[in-house]
Structure formats: C-alpha cells, structure tokens
Amino acid sequence: MAEMTTADLTVVAGASAAVPGEAMMVADKLTRRFGGLAANQDVCLTLERGKLHALLGPNGAGKSTCINMLSGDLPPSEGRILLGGKDITRLSAAQRSRIGIGRSYQRTNIFPGFTVLENCRLAAQSRNPRPWKIFTDALGLSDTVDRARAAIVEAGLAGREGRIAGTMSHGEQRQLEIAMVLATDARVLLLDEPLAGMGSEESAQMVELLKGLKKNRAILLVEHDMDAVFAVADTITVMVNGVVLESGPPEQIRNSADVQTAYLGEGHV
Amino acid sequence: MDFTTFLIQILNAMQYGLLLFLVASGLTLVFGIMGIINLAHGSFYMIGAYLAFALTSMTGNLMLSIALGIPLAFAFGALLEWLLFSHLYKRDHLEQVLLTYGLILIFEELRSLTMGDDVHGVDIPAMFSASIPLSDTLSYPVYRLLISVVCLALAAGLWWLMQRTRLGMMIRAGSHDRDMVQALGIDINMLYRTVFALGVALAALAGMLAAPISSVYPGMGGSVLIISFVIVVIGGIGSVWGALVAALLIGFADTFGKVLVPEFAGLAVYLVMALVLLWRPEGIFRKG
Amino acid sequence: MNPQNSSRIALVLKLVVLAGLIAFPAFGSSFYTEMVAKILILGIFAMSLDLLVGFTGLVSLGHAAYFGIAAYTVALLTPKYDPADLWLALPASVLAAAAAAFVIGLFVLRTKGIYFIMVTLAFAQMVYFIFHDTALGGGSDGIYVNFKPDASIAGWVPFDLNEPIQLYYFVVVALVAVFVFLTLVLRSPFGRVLVGIRSNEHRMQSLGYATFHYKLAAFTLAGGLAGVAGFLYAVLFGFVTPEYLSWHQSGNVLMMVILGGMGNLAGAVIGAFAFIGLQEMFSDWTKHWQLLMGGVIVAAVLFMPGGLSALPRRIMKKVNGERENG
Amino acid sequence: MNKQKGRNTLRTMAGIVGLAFGVLVPFGAVQAAEKIKVGLMLPYTGTFAALGTAITNGFKQYVAEQGGNLAGREVEYFVVDDESDPAKATENANKLVKRDQVDVLVGTVHSGVALGMAKVARDNKTLMIIPNAGADDLTGPLCAPNVFRTSFTNWQPGFAMGKVAAERGHKTAVTLTWKYAAGEEAVNGFTGGFEAGGGKVLKQLTLPFPGVEFQALLTEIASLKPEAVYVFFAGGGAVKFVKDYDAAGLKASIPLYSSGFLTDGTLAAMGGSGEGLLTALHYADGLDNAKDKSFRDSYSTTYKMQPDVYAVQGYDAAQLLKAGLDAVKDGKLEQGAMIKAMAAATVDSPRGAFTLSKAHNPVQDIYLRKAEGQENKVVSIAAPKLADPARGCRM
C-alpha cells in the first residue's frame, strides 16, 4: 500500500485551507463494480470549502457506494480520489479520518453504551491519541475533553454530556453522530442521510445545524428529504443507476427535465 | 522415495484428506449458514463412532448400523438445536464457545458412564475386507478406498443439495440474510434445525465410517475437532468446495510432513494454515 | 443505590478481601496457602484474558499458550543445580510470552469473529506441539524448575521464594500490581480505545484509529500478563508440562472470565475462585465431576449472562423492580 | 475410600471458605504412631481408569493377604484421582503430601503426572513408590533416595525386544512410535539391544501424539523393506496400528515386534489382527510359578476379573512397602531405615522375584510373549535379570 504519513497529509489538507470556495476533495471517474454489476460508473464530484454539495437519487442509485468510496470504507474498482490535489485513493478509512475527512452513517453508528461525552471524547482523542501514556487518566487530557465538549455544543447537544448514548431519542443520536464527526476536526464532512427517520421538528433543527457547519468546511450530504436538500445545498448532483445524471445549482436541478422524469417523476416529490 | 512409493503416498494423502473433508463439512455448514461456532463437533464424531460400535454389536452389520445411525444422529442434532442452540443465534460467539465447551465435557462423561473407557474395535464388513496389492510388500484395504468413494459422493451430494435444490436455495439465502428469508415466508427455525441436524449427522457419519479403521476410544473427538477447525479456516467458512480443497491440502501436508520432516510433523498442518492466513485471512474460498 | 455509593462499597469490599488474603497464611496450613496462591495466579491469568475478551472484544481461545511459554522460559532459564536470578527470569519470561503474543497476533488479528476464535486455538495448538514434540522443553513428560528463582540483589536478599509464605505474598503483590496496572491502563487513552473497539470497531476506524495496532498492542500486553501468571505458576509448582498449553486450559481460563463476569477485573479473580471451588466440590461428589462442570457451564450461558459479579446487581434490580411493580 | 475422600475435599472447601470469611479453620492431622498413611494417586477416570483400578486392587490384595495390615500396622488410605492430567499433578500430589500428610505416595500410570508427583516427593522428602509410569528419567537423572519403582523403565522391554530381534536373525529394522517421551525411550532401548546384537535400525519413524493416521508411515515402512519393525503404542493407537499393519499386508511380510503394552488389554479390540504378535514385557500369561498362580486365583476370586501386569505392579508396591516397614517394626516410621530396607529387598513378585537397582528400579526378567486369543503367552525369557542403565542417576 502506498504509505503517506499522517503528518504529510495533514500538511496537504492544510495547504488549501486558506482559500474559500477552492476544491478540497475531488472524485475523479470513480467506478465500483460488484461482480459484473457497476454500482458506480465514472462518478465525478467536487467538494468545495464553505459549500454544501448534496447527492440525490432514488434507492439503488449508488449514493451509498459513492460515499463509502469517498470515506474509504469501500475501495473503488477504478478512478481516483484527491484531497487538496494529492491522490488518497489507496488510503484506509482510518487514514482518511486522520487527514480531515469525517463521515456520519445512515444507520446510527455510535457507541451506544458510552455517554455522549465519551462518544465525542473518543472522537476527539483520535486527533492526538497518545496511546503510550498508559498511566494517564484519559479524562485528564484537557485538550481532548475540551474539543469534545465544544463539538457537543456545536451539534446542539449542550447539557446532554452525561447521557448514555443508546438511551437518547433517535434525533439526538443523529446529532451525536454529527458531533462525533465535528470532534475529529474534520475539514471535509461526508454525511449519509443525517435526517433519516427524523420528525419535522428535529429535521428543521438539523437543517439549521447543517447551515452553520458549512463555514470553513466542505460538506457532502446524501439525503432523501427534498425540502431539506433544496434549503441547504449549494450544489446538487443527481445519480441514477450508478451514473451522474445531472449536477448543478439547486435551481438548475429543480428545473431539469431529465431529473423530473428520472427521479422526481417516480412519485418522490 | 521411489516413484511408486511417491504415488502411493499421494493416494494416502488424498484418502486421508477426503476423510477429513467428511468430518469438516458438517462443521463448515453449521458455521457458514448459522454463524454458530461449535466446539462439540468432535464429540458428534465420537458419538458416531460409539454408535457404530454399539449398533454393530447389536445388529452384527456395520452397513445396517450406519443406516440406523444416520437418522438417530439427525434426530439427536435436531433435539439439541431445539433444546440449546436455538437460544444462541442472537448471542455472541463467546457464549457459543462456552456452551459447546460445556457440551464436550458432558458428552465425554456420558460416554464414560454408558460405554466405559475401554478401546473397542469394529469389524470391517466382510464384503469390503479384501486388500488390493500395490507393491510387493504393500497392499491397500478396499474399505479405505470405499471411504474415499463415499466422501467424494457426499461432496458431490452436498454441492447438489446446495446449488440445485430448494432446500439449498433456502440455506444459501438464509446464510446471507435471516430477515429476508423470513420475509419470503420460509420457516427459518425449521431451516436452521435441519441444517444443524445435517451437520451433526455428517459428523456422526464420519465417525461411523471411520470406526472400523480408527477403532473406537475415549478422547477420539478432540484431535478431530482442531484439525476440522484448521480446515474450515483454510477453506473459508461456509464453503463446501473450500472445505474439500483445504482437507486435501491438509491431507498432503500431514502425509508428506510425517515422511519428510518427522521432527516437525505435528506443526506441518498449522504452518500451512499460517501461510494461508498471510495470503488470504478469510480463507481460500471465502465468498464476497 | 447511587453509582458513587456502589463504587465506594466495591472499593471497601476489595480492601476487605485483600486484608483477608494478607491474613490468610496465619490461619491456613501450607497446603491451603499454596492452593490460594494457585487461585490468585489463575486470577492474574484470567485478568489478562479479560483485557482481550471483556474489554477489547477479542475472544481468544488460545491464551494458555502465553502462560505456558512463560512457564517454560523460567524452567529453561533455571540451571540444573542453581537457582535462576529472579530479576532476570521474571522479565525474560514475561517478554518471551509477550513476544510470542506479538508474532501470533500479527497473524490472528487479520481475522475476526469466529475465525479469530478458531485461529487463536489453532496457533496455541501449534505452540503446544512445539513443546510436546521437540526436545526444546524436555518433551512430552515436562520439565522441572529445580530451584525457585533467587531474589537477591547484589548480595542483599529482600525475600526468599523458597519460603512458602513469602512466595505467597509475592503472588499477592503480583496480583495487586497487575490489578492496579490494568485499572490504570483501562482509564488511559489507550484503554479507552480498546473499550471503543469492543463496542464498535468499525466506528473506531472511521474515527481515525488504526485499530489493528491497538488490538495488537492489547494482544501483546495480555500475552505478557499471562506470562506473569505462567511464571508464578511454574515457580509455585516447580514443574512445567505441555499440558499447561493445552486448549482445555484455554477453555478453563475463559470459563473463569465468564463465571466472574467479563469486563470486570475483580470479576476475573472471583471467577478463578469460583471455578476452582466448583471443581473441588464436584470432584468430591463424584468422579464424573466433569458432567456437573459441563452442566454448570451450559446453565451459566443460558441463564446467567453477566457472570457472578453481575448477580448482586441483577438481584437488586429484580428486588427493586418488584417493589416498583407492587 | 469414598468417605475418606469426601472428608478431604470437605476440608479443602472449608479452607477456601475460611479464607473468604477470615475464619480460623482448625485442622492438622492427628498422627497415630502405629498407622501407616498411604496416599494412592492414580487415574480413576479417563483413558487409564482401568489401570488405576487394577493397581489399587493389587495393592489392597497384598494388604488383605497380610491380614489387613502391613508389618502389623494399620493401613489408612488417602485417595486422589489424578485424571492423568499432568497440569494438575503437583497440586494433586500436594493434597496427599501436605494436606493429608501421608507417609508414602503411591502412583501413578501417566509418566508426565509421575514426574510432577516425584517433584513433590523430592521437595517434601516423602517416600514414593511408582507402580507403573515408565519414564526412564524417574530412575535416571531424576532418581532420588526416597523414590522407588515396582514396574519398569520404558527402556527395559524395548532393549529386550531389540536383543530378541537380533537373535532371531534380523539384520535391519525400522522403528515407529508417537513423538513423545515414552515412545522415544522405548525406541532407544530397542535400538540399543538390536544394534548390540549386530542389527541396524534403518530409520526411526514418528508421528505426533496421539495421532492415529498411520498410512503414510506404513507406506514408508513398505518402501524401506526392513527385516523387522518395532513399535511402541498403547490403547486406541495400538489397536488401530495393529489393524492397519495387518490390512496393509505388512503383517505377513515383515514381523512386528513391540513392548508388551501393544497387546495388553487390547487384543479383543484388535480382532484377529493381533494374533501371533511377539512382544516383550516383565509379565506374561502362563508363567509357571506358584506365586503367580496363587496371586491370580485370589485376585480373580476377590475382584471377579483376571489380573494384569498393572495389578501385579500394585501388588508389588505393597510388598515393597512392607519390606520397608519390617525394618521399623513397632517403632517410629524412620525413613532412612525404611529406604535402606526397601533398596535391599527381594520382592517375591508374581512376575518372578526381583531386586532393585541402585537407582531403585526393578532388576527383572523380561519375557518374550506371543499373542494367542486373548492372552499373551510366555515364550521364553528375552533378557534375564535386566537392569536399566540408569544413565544420569547420581545417587
């Protein structure tokens, strides 16, 4: 495997930090085949700082495959993934996390037995793990704990630090999912249906949260909720059957005839 | 080693490998389809051998005993599944390990209580007791060849069952998604009970077939268990073909290990396993 | 009962038990002192496995290998007519066990779940055969540790392991040391990651943790601590046999962890007491005691999730629950 | 016996409970001067259960013949089932030595367990009599003044068999055994005896213990074409090997020799395959001596089964102990005097009288036997008054 040290990559990610609107993460002709079937074919995406890029498409369009390739959970069959101009296609999920790519999951993927604070503290600790300090109380490492607390507040979970994650409401667990990504100081957020299963009130809160997160970060949002997507997205890419159908600003997508027939026409409006 | 001897050793390796396949196939089925780790598999082999001994001393006919023993073992497997294993599907592997470890102790003691601790022999049926001369000093027992044939037939039969029958279709579906099978209206509990009972019956059949050439003795299940594990690990969990290839591989490693590097013969099979793990951690034939 | 209170009670209980352990040799004969020492050593062994099973979520069925390797190391380091140097033999045994765990860990940690269980078992069996089949460690009949290690430092003798009582206290100190060490490790950043891996390894990876390295470190550490137990066991009994590495030993220590309740260090020690106690009791009742032992194991799995250390909590819960309902 | 065992374990439990509650548990055995406390540590469960029972029966039969006591002393038994588990060996021995404070430790069958017991006996200076385990080391490098054996070393029957094989005119041989200490010691004995007689061992084959897949090695034997084959197997492995050897057609072309354990208690399970096999051991069926006849008669009357070599070894262990007790008649159990008397004793064994070597192992006749039906009939004396070389014994 092509090895890049974490330090190198942090520099790579940091190099482009200054310029808003600049391409941070680029998917270049990503293809993934399962057996003979192409789940993704030549998918191209660009995530820019300060922008929220939404990925739309009906069930089975290949959205999950795409986000899994970007996060490193699934190796692409062909194509490249770039971060700040560097090829990161062969990095593992853990390595990508360490260079600033954070992801949340469609199915809530937290540590259900831990407190909210410990969930986020573990996430924050990954930035400065210090595993050799085996006689130091992890709770005494203030940089980590502070970062975790800040993320909890930013994700709107202030006051819930002590709750056991698995006992919280679904919406709160989705918020925790975001808080954990924030605690890793990710510059690129890959959010897989953060609104899934939420009530309208919870959704509205989450939409507000997402709007606030854009600043200084590049976000990919995979989402079913049309209203939410059109409310927050700067760019929308529509996928059907594993290929990109159309990509552009929300108005363009809203008015596209292709999208209307291929996607919106299927009764998803 | 001259060429004739070399050929005979290949025959030995294949014959041993096929017997190992028979033992391991039930294990890989239960592993692969039900996700259950079963340490008591060796005990089922032992039970099969003792069953062959007990039934043969009653009926005087091994073939008849096997014909009686298979349904007995199958029923026993179904009973165990109903009593114990059906509670374990939602539990983690650790509890399965412990439960089946406890069962080993129980079966071993029950064996001691009911059958004693003596070594027993089971006669090869008269019609298969002949030998075929291979070289001027060595001949090959027909019964061993017969076992190989039975093992090959079973391998083919299992393949057919899995690929060509409705039961096999359900089993394959069940191994991928329990909920989906249930959604298709298949009685998953019945399906699992059948698979488990089939696994027990296969292990017991291996014990019954091997009884005449291996003799019947306490502790005979233990060594079989670990070698079966090695085979399943090498072959890939749940793969019948994988088990067959792995069993043959182990047959060769064991046979030639004993002859060529007797000092390390005990290690040969484990070294093969270590190498396979380096190459393919999920086994040679792991699907997906 | 609030959590703070219950943790205070737990601490007091631990101290009472420790006081009991310290006082025991004054009352018990040398035989019982040795028996308790043995149980405490097995407690260390069980704690080391609990680090893997209970805290990291790695079900190893080959933990006896590292116990045995350390035992063999001290046997081999002991000259025929002289004692070995304790301060050399102890670290060497622990390092040998840890090194073996590291190398084997490189292989077995490439696998998960059922595979992991089977592969740890198979590798332990391989180590068993190394000691059983080759002349390295005296072969199948085993080997003596002819003299207990010598604790003198440059002529000064702080204690003498030939004295059963002093050896007993050496074991007690080792138990406390391992307990404290593991308690500290588990609240350190490293320990928190292990517990995270047990809860949700995939999530730990996506948070940026190289979980393989953490698991390997835990596996090595657990191997080394099992080595502490193996070393003490060999010193206590003066005899090392390949059977120390057999998979039944691995199964037994796993049973101790479960009986005591995994993910609980004190539970592991309780489990060791309970396991040996049951063994003694059953083998008194009948020579077919393994039947009863097997029955207990099966029953424990089916009816007692959480082990002995969870019993008080479960009983409390039940009592409280009934009160609430009534 | 069971009652006694029950009391022991009760005390064990009391000790543990005592720990938990910090309660003083009073114990410490009451030493009755005229009694002798015998600790029997033998396998009563598992593969060797029948052997442990036979040894116990033999021991008790001699005591019964003496009127229920030894040299006028009442015999109190303490019994531990060693389960043939070496991992528990020292601990089990400690139960007898430290808890029950026996005067003499009698055991056991499994060599690895016996090594663990001997360690305890040496450390605590307890008298020990080994009624079976054949590990050469026990009366070799590990020999000790307080450790005696009434059985054999693995070397002894092996050596005698090698001598006979050479005398029968064989020039070449191949040996085969499990890769474990007993097998290697027996093979060393055979090789020594065979090569001293002018033969040559072509190859020493082994397979991992307790594997029973012999086919590859049978093929190897067939291709080496030796004039004789010597094996060391016991129990289930012995049965399977003899059947496989026969089925491979080798029995007809290459004579098979072995130490006697191959055919002791296994002939029935072998079916016809064992018929005619020649083995060497220190005991046989059809020995023409009065002692053996009376021993067999009374054993089969008492226990409703035929005695075997293990019963003889247990019987002789009791005899040897009596020889020691005779030296301290009515007095204290002075160990030095007992050891001296035991080392000098001539044991009037059913196998034929034997004395002990300097290393405390029997100097005895090894018989050549032939399997006939269920019996191993004596053919001749393979090696008269054979003593183990006891290499490495510094006593």
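Letters A, B, C and D mark the chains in the order given here, with residues in each chain numbered from 1 onward.
As a convention for this text, contacts are C-beta pairs under 8 Å (C-beta built on N, C-alpha and C of every residue); 3 or more make two chains touch, one makes a residue touch a chain.
Values in this document were obtained by computation on a predicted structure and should not be read as measured data.
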(message) If each step moves to a chain the current one touches, what is the fewest number of steps from subunit A to subunit C?
(response) 1
(message) What's the minimum number of touch steps needed to get from subunit A to subunit D?
(response) 2
(request) Please flag the chain sitting at the greatest distance from subunit A, going by CA centroids. (result) D
(request) Express in whole angstrom the distance between the two chain centres, defined as the mean CA positions of subunit A and subunit B. (result) 47
(message) Taking the mean of the CA coordinates per chain, how far is subunit B from subunit C in Å?
(response) 33
(message) Just the number, please: Cα centre separation of subunit C and subunit D in whole Å.
(response) 35
(request) Could you list the positions in subunit D whose residues touch two or more of the other chains? (result) 45, 179, 208
(message) Can you list every residue of subunit A that touches 2 or more other chains, as numbers and ranges?
(response) none
(message) By the touch rule stated above, which residues of subunit B touch at least two different other chains?
(response) 112, 265-266
(message) Going by the touch definition at the top, which pairs of chains touch each other?
(response) A-C, B-C, B-D, C-D
(message) Show me the residue ranges of subunit C that touch subunit B in the complex, using the header's touch definition.
(response) 53, 59, 61, 107-108, 110-111, 113-115, 117-119, 121-123, 125-126, 129-130, 132-134, 247, 251, 254-255, 258, 262, 288, 290-291, 293-298, 300-302, 305
(request) Write out the stretch or stretches of subunit D touching subunit C in their complex. (result) 5-6, 8-10, 12-13, 15-16, 18-25, 27-28, 44-45, 81, 85-87, 89-91, 94-95, 98-99, 111-112, 115-116, 119, 123, 135, 137, 142, 179-182, 184, 208-209
(message) Looking at the complex, which residues from subunit C come into contact with subunit D?
(response) 19-21, 23-24, 27-32, 34-36, 38, 129, 132-133, 139-142, 144, 237-239, 241-244, 246, 249, 273, 276-277, 280-281, 283-284, 287-288
(message) Going by the contact rule set out above, which residues of subunit C touch subunit A in the complex?
(response) 184-185, 187-193, 196, 199-200, 202-211, 214, 217
(request) Spell out the part of subunit B that touches subunit C in their complex, as residue ranges. (result) 31, 35, 37, 84, 87, 91-95, 97-99, 101-106, 108-110, 112-113, 226, 229-230, 232-233, 237, 263-267, 270-271, 273-274, 277-278, 281-283
